[in-house]
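One structure is given below, encoded as C-alpha cells.
Order as written gives the chain letters A, B, C and D; numbering starts at 1 within each chain.
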Amino acid sequence: MRSSGDLGLHSLDDAERAAAAALPPEVRDFVAGGSGRETTLDANRAAFDALFVVPRVLRDVSGCTTATTLLGRPAALPVAAAPVAYQRLVHPEGELAAVRAAAAAGVPFTASTLSSVPLDALTAVGGTVWFQLYWLRDERRTVELVRRAEDTGCAALMLTVDVPWMARRLRDVRNGFALPDGVRAAEVDTGGAAHHRAAGASSVAAHTGQAFSSGLTWASVERLRALTRLPLVLKGVLAPEDARRAAEFGVDALVVSNHGGRQLDGAVPSIDALPAVADAAGPACEVLLDSGVRSGTDVLRALALGASGVLVGRPLVWGLAAAGEDGVRRVLDLLGGELRDALGLAGCHDPSDARGLRTVSRQQPHRPAPERGLSNASA
Amino acid sequence: MRSSGDLGLHSLDDAERAAAAALPPEVRDFVAGGSGRETTLDANRAAFDALFVVPRVLRDVSGCTTATTLLGRPAALPVAAAPVAYQRLVHPEGELAAVRAAAAAGVPFTASTLSSVPLDALTAVGGTVWFQLYWLRDERRTVELVRRAEDTGCAALMLTVDVPWMARRLRDVRNGFALPDGVRAAEVDTGGAAHHRAAGASSVAAHTGQAFSSGLTWASVERLRALTRLPLVLKGVLAPEDARRAAEFGVDALVVSNHGGRQLDGAVPSIDALPAVADAAGPACEVLLDSGVRSGTDVLRALALGASGVLVGRPLVWGLAAAGEDGVRRVLDLLGGELRDALGLAGCHDPSDARGLRTVSRQQPHRPAPERGLSNASA
Amino acid sequence: MRSSGDLGLHSLDDAERAAAAALPPEVRDFVAGGSGRETTLDANRAAFDALFVVPRVLRDVSGCTTATTLLGRPAALPVAAAPVAYQRLVHPEGELAAVRAAAAAGVPFTASTLSSVPLDALTAVGGTVWFQLYWLRDERRTVELVRRAEDTGCAALMLTVDVPWMARRLRDVRNGFALPDGVRAAEVDTGGAAHHRAAGASSVAAHTGQAFSSGLTWASVERLRALTRLPLVLKGVLAPEDARRAAEFGVDALVVSNHGGRQLDGAVPSIDALPAVADAAGPACEVLLDSGVRSGTDVLRALALGASGVLVGRPLVWGLAAAGEDGVRRVLDLLGGELRDALGLAGCHDPSDARGLRTVSRQQPHRPAPERGLSNASA
Amino acid sequence: MRSSGDLGLHSLDDAERAAAAALPPEVRDFVAGGSGRETTLDANRAAFDALFVVPRVLRDVSGCTTATTLLGRPAALPVAAAPVAYQRLVHPEGELAAVRAAAAAGVPFTASTLSSVPLDALTAVGGTVWFQLYWLRDERRTVELVRRAEDTGCAALMLTVDVPWMARRLRDVRNGFALPDGVRAAEVDTGGAAHHRAAGASSVAAHTGQAFSSGLTWASVERLRALTRLPLVLKGVLAPEDARRAAEFGVDALVVSNHGGRQLDGAVPSIDALPAVADAAGPACEVLLDSGVRSGTDVLRALALGASGVLVGRPLVWGLAAAGEDGVRRVLDLLGGELRDALGLAGCHDPSDARGLRTVSRQQPHRPAPERGLSNASA
C-alpha cells in the first residue's frame, strides 16, 4: 500500500531500510559505520532514547510553525543538511539532488570540502549553502577554498575541528574500501589516493591523512576569522572549555558533534554534551548539534537542551540513496512534519519556545527501534 | 484447563494476548500502537517496572478493601475506565458492554467524545459515567456536548488537553487505517473523513485534525469552568507548572497522562511525572494517572506516589475484544483482586494508606514481561 | 566427566538445572515461581548482580574461616536453611533429608509450619532447628505450635510477617496446582483444601487463605514475645520503620526478605532494603537476609551491607530434588566453599570482617547467568 | 581480503576470534574464563563501555605520540604485557615469542612466576622485562625468585597481592583442566600437581593452592622492599585504603586490577576503582591498571582517570595463539595505532595530556560488541 507521493517512506528509519536495500554492502558500510567498536555510534542513539521531555499544555498551538532562523537567515526548519563527503557514491546526481531538495524544503545545505559535485553547481540551485572546510596541509589551497566559498555565494563557513585525521573505521578497513572511478572530490585534488583499493585499509582514510592538516589550532581559527566576513562555524566541539574559547574568538556558531560516531570512538554522545556547551557558548554564539538525530522528537530534545538547530547527515543520504532528490525531500518533509507534531504536542508555538522545556533522563532497556513500527504491517 | 468463570484470563497480559488473537491486525495495531518510535509507549512500562515499593508489616489487613472515593463519589476500586474512542471497533456492543461491566464492578466509566455508542445509552445503565471532552473547532458544538453530558447525567467532565491534534501513529499510517462503515462517533458528526481509506495515512487522524481545536488555552478552561457545575478534570497534564495553574483555575482533578504513549513520542512516562505534579496540584485538586497501568501493583505504585486513582484504557479494550462485557468485567475483577493483594501485602488497609509508602527506583534489564507467566504452562 | 562425590554439581545454578530436569513441570513451577509479573523475583537477582565489592589485600587469610554464630549459637557458615513448605513434593524424604544435610554441614535448619515431615522427626536428627511460625486464624492452635516447637527442642521461633495471605502466583494458578495425596502438612490440619485440584486456582493458596490470620499486628508480636523464651525472629521485614519497632519490641533478629519474590510483586529487592534495615535495627537485633542468594559472593555482599547471615531456600530444594540428602549437602558445601573463597579473596579472615567492605553499585546489562558457565563445557 | 602484514586482524576482537578458532576448547576456556558466575569478567567490559570521554579540539596533534615512561623507563606505549602463566599452552614458543614481540614494539613484558619459558631466556631478548612474583609458601624459594629476577636483569618486581589462592573458575572445574605434559612452570617446581587431571577440579588451582602463600601481609611487602632495590609494584589493589598504605610503604607503583575477573567474582571493575585509588596513591606512587582493556580507547579512558599506563593480558595471548610472535606484535601494533588515534582525536599530544580529560558515565544497553565490526564484512 504505497502512495506515489510518500515513496513508501513513513519515518527516517524507513529511509534507512530503503537505502540499505539500494546500496552495495561496502557503500552501505561506508555510510553507516562508526569508528572502532562503534561505541559512540550506538551511544548517540541510546542517549537520545534516554531523554524524555515534559510537555506543556493549554497553549494555543493552532499556528504552530517550525520556521526559525539559522545563522541569521530564515529557515523552514531548525535543521540543516550536514556536510557529507562524496554523495555521488550513493546516487548519480549526488549533492546536486540533495541541495535541490534542501532548497525546496527551505533548509540550508552544507557542502563538504569533499563534495563530489562542484560547489558552483550547488550554489546555482539557489538555496542557502554553507561550505564545510577541512584545513588542508597545503594552506594556500585552504585559502583558495575559502575564496571559492565566498565567490560561489556560500552563506557560511563551517570549519571541521574534529578531524586531525580520519579515525579508523573498521567496516571500511575490512572492506578495503576505496572510491569507485566515477566518484571524486570536485574541489580538491585527490591525487588518486582515495581510489587506490588496498586490502585491510580504507583508501578514503589514507587520502585524508595525506590531504588534511593535523596541526589545526586556535591560531588557525583566528586566521580564518580574519580571512573572511562569512559567518564562521566550528563543527565538532564537545567540551565547554572549547565552546567558551570559541565565543572569545568571535566564532558565530558551534556544532556540538562527535562526527556521527565516526571519529573518537568513546567520545561523549553529543546530546549529552549539549547543555554544558550551550551554557559555555553564551548568547552571542549559536549552538547547533548533530550525531544521531533521527526524528522530530530528537530535534525537540536538542532544542530543549539549548540548541537552536540540528544538522542531519545519514538520513538525507538514505533518502538520496533510496530515491534521489525526491528521497531527500521526503526525508526533510517527514522530519518537518514530525517536528511540527513534536512542537505542538509539547505546547510550543515555534522552535524558540522549546528551549527550557523540562527533560528527564531514564536509561531505556535496549530494543531494536527501527523494527518496531513494522511489526504489524508485515503481519 | 479453563474454568468458565475466569475466561482463561489470569492477568491483564492474558487479556492482551486474547485480544490480539481476536482482532484483525489493523485494529489490534490501532489499539496497541503509540506515536513515532513508540519510545514513550515502551517507557511507560519500563518506568513502572523500575519502581519498587517498600511494604510495611504487622498491620491488621483482615478487612483490607480497595473501596475509595473518586471525584467525591464512592468507587469500588481507585480505578476508572479511561476514555477510549470507537469501542465498537473491537466488539459489536462497544461502549455499552464496557459501561455495563464497569457499573457492575463499581468503577466509573469515561465516555469518549468519540464514543461509538450514544451517551444516553451509556448513562442509562446506571453506573457512574464521566464524559471526556475534546474541544471542537466548532465551539457551539462543544457547548452542546457539555450540555449533553449534563443532560444525560454524566458525573464529571474530563477535558483532554494533550490533543491539539492527533500525533502521527506509524502503525495506522502504514496500515492506511480507517474506520469500517459500521463504526462511527455517535455524538459528533464525522463527516465521513474518519472512514476514508487512504494509503499511507490514518483517516482517524485526518478526521480529528478537521474536528478538534488546536487553540485550547487556559481561557478555554476558564470558560468551561464557568459553563458547568460538573466536576472538571484536565487529562494530559505532565508539567508541575501546569498542575499548579490548574489548581488556581479551580480544576477539580488532573489526569497525569501521556495518552498511553500515543501523543508526544518522547514524553516523560506518566509515573515519572506523577510526584512533582501531585505536589504542585495541592490538596484541593485530586490527581489521577494513566498510561501503562497493567496490574494491581501498578495501581499501588501510583497511589504510593500521590495519585488517588488510575485510569485504565487498553486492558479494558482487551477484555472487550476477548469476551465483551464478561471480558471487561474479568479484567476489572483481576485488577481489583491484584490490588487488594498488593494493598494487603504492603500493609495497607485501604487505598489511602498507600500514599507515602517508600519507593525505590532500580532500572531493570529488559525482559518480555507478558511471556513470563506462560513459560511453564506451555511446557 | 562426573565425579561421584560432587554429583556433577559445580555451582548452585547447576543444582537448579538438575532439579528442573528431575521435577514435574508443575512442581518445578511451584518452587521457581514468583507472584504477579515476577518483577521482584527477577529484581532480586538483578540487585545482587549490580552490587560490587571492593576487596582488601595483604591481610593474612591463611586461617580464613566461614564459622560464625547465628542467633547466639555457633554455625559453620553464616547460612541457614530457609523455611520451605512441603518439601516432600520434591523428594520422598523431604525435610528429613534436608535437615540431615544441614546438621552435617553445621548450619541451622528452619522447619516450616507447613513441613511435610513432623517436627519431632526433624529435631531428632540433632542439629540446630528453628521453627517458622505462621500465625493461624485459630490462635489456640498457634499457641500449640509454639509449645510444640519448644517441646521438640527448636532453638528459635521465626514468625513470618509478610503473609497475611498467599499472593497470587500465576504459575500455580495456570497449573491449577494442588498438593498430591501423599504430601501434607504434618503439623497443621489442612482439611483437604490444599489437595483440591481446581482449574485456574492454586489450592495451596486457597488453604493458606483459610488457615492463616491476616490480622497479625505488633500486639501479636508482643503476645508471642511473652509466650516463649525462645529467641524470636521476624521474617519479612523490609522497611526501616518496622525494623526499629521490632528492636523496641525486643525481637532478637529480623530476616530482611521479600519471600523470594513470592509475596508482593513489586516489593523492593531485599539486598537493596538491607542497609537501611540493618541501620535501623541497631546492635541488639541481629539481621539476616534471604531472597535471591545463589552464591558465596551473594553471602559476602549481604555481610558487607550489614547482615550477619543469610537464609537459602530454593537452592536447597534444588539439591533435594536432584539428589536428596546428598544433594542438599552438596549445595551447602558449594556455598561454603564459595564463601570461603569470597571471604579470603576480599581480605576477610571470617564473616565478621566483611561488614564494612566498600561496595559499588553498577546496573549490569541482562545476561542469562546460569547458562554462562556451561557455554564451553557443552562445546 | 587478507593482507600478509596484518594477518587479517584489524582489532583486538579479531584476535580473540582467531585465537578461539586456533585453541582447543579447554585451553580457550582457561584463557577466557573468569571466576564464579563471571560477573566481574563481564562488568569489566561493561564499565569501560559505559565511560565516555569529552575530547578537546584545536590543539596541534601533528606530532602526536604514544611514547611515555613506565616505572621510570621509556616505553613506546603506556602499555605493558601483563603477567600470564603458562603461555606455551597456546603456542609452542610461549613467552619467548611474546617477549620478542613486546621488545620489538617497545613495551615492557611481565614474566609470570609461572612462566613456561625460563626467565633468562626472556631477558636475553633485550627488551624491558618485569618479574611478577607469587609469594611461595616456601619463603626461601621466594627469596631465590627475587634474586633470580635481579640476576637475569629484570627491571622491576611486581608482587601479586590478590591471589591468596586461585579462585574457583568454573570452566576449568567443568573441564577438569590440567596442564599437558609438555608445559610446565620453568622457574618453580610444580611437583606434578598442575598436570594431574581430575574430574570436577582444576589442577592448576590445586597446584597454586599447594605452592602459594595465603599469609601475605604488609610485613611481607616491607620485607620485600628491604630485600631488593628493584622498583616494587603491587598488583591487585582496588581499595583506596590499600593504595594509601602502599604509598606509605614506599611501593613504586600499583596495578589496579581484579585479575581479569579471575579472582573475587563480584569484585569492582578496575576502571571503576581507578579514580579513588589514583587519588589515594598520591604523586610518588605510579598507578597502572589492567582487567578488560581491549582497545586504544580503553587505554585513553584509563589515562583520563589517572593511570599512567595499562597492562594487557588476554589480547596478547590471543595474538600468540593466532600467530605466535607476529600475532603478539600485530596486537601491540593495533593497540598502538588505536591509542595514537584516540589521543590525537581527543586533542592530546601524548599520554600525559590525557589525564584530566572530562569523562561522562552512561550505562549502555547490552550488545555483543565483538560481533559488530563484522556484520557487513560477512554479508
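In the analysis below, a residue touches a chain if its C-beta (ideal position, glycine included) is under 8 Å from a C-beta of that chain, and two chains touch if they have at least 3 such contacts.
On a predicted model such as this, the values are computed, not experimentally measured, just so you know.
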{"item": "Fewest hops from chain A to chain D - one hop per pair of touching chains", "value": "1"}
{"item": "Angle (degrees, nearest 5) of the CA superposition of chain B onto chain C", "value": "90"}
{"item": "Same or different contact residues where chain D meets its copy chain C, judged by the half mark", "value": "different"}
{"item": "CA centroid of chain C to CA centroid of chain D, Å", "value": "40"}
{"item": "Chain B-chain D separation of Cα centroids, rounded to whole Å", "value": "57"}
{"item": "Residues of chain D touching at least two other chains", "value": "363-366"}
{"item": "Interface residues, chain D side, partner chain A - complex", "value": "1-3, 5-6, 8, 10-11, 13, 49, 51-62, 64, 294-297, 300-301, 337-338, 341-342, 344-346, 358, 360, 362-367, 369, 372-374, 376-377, 379"}
{"item": "Chain B-touching residues of chain C, taken from the complex the two chains share", "value": "25-26, 28-29, 32-33, 35-40, 42-43, 46-47, 50, 161-162, 164-165, 167-168, 170-171, 173-176, 198-201, 213-218, 220-221, 234, 236-239, 241-242, 245, 258, 263-269, 272-273, 363-366"}
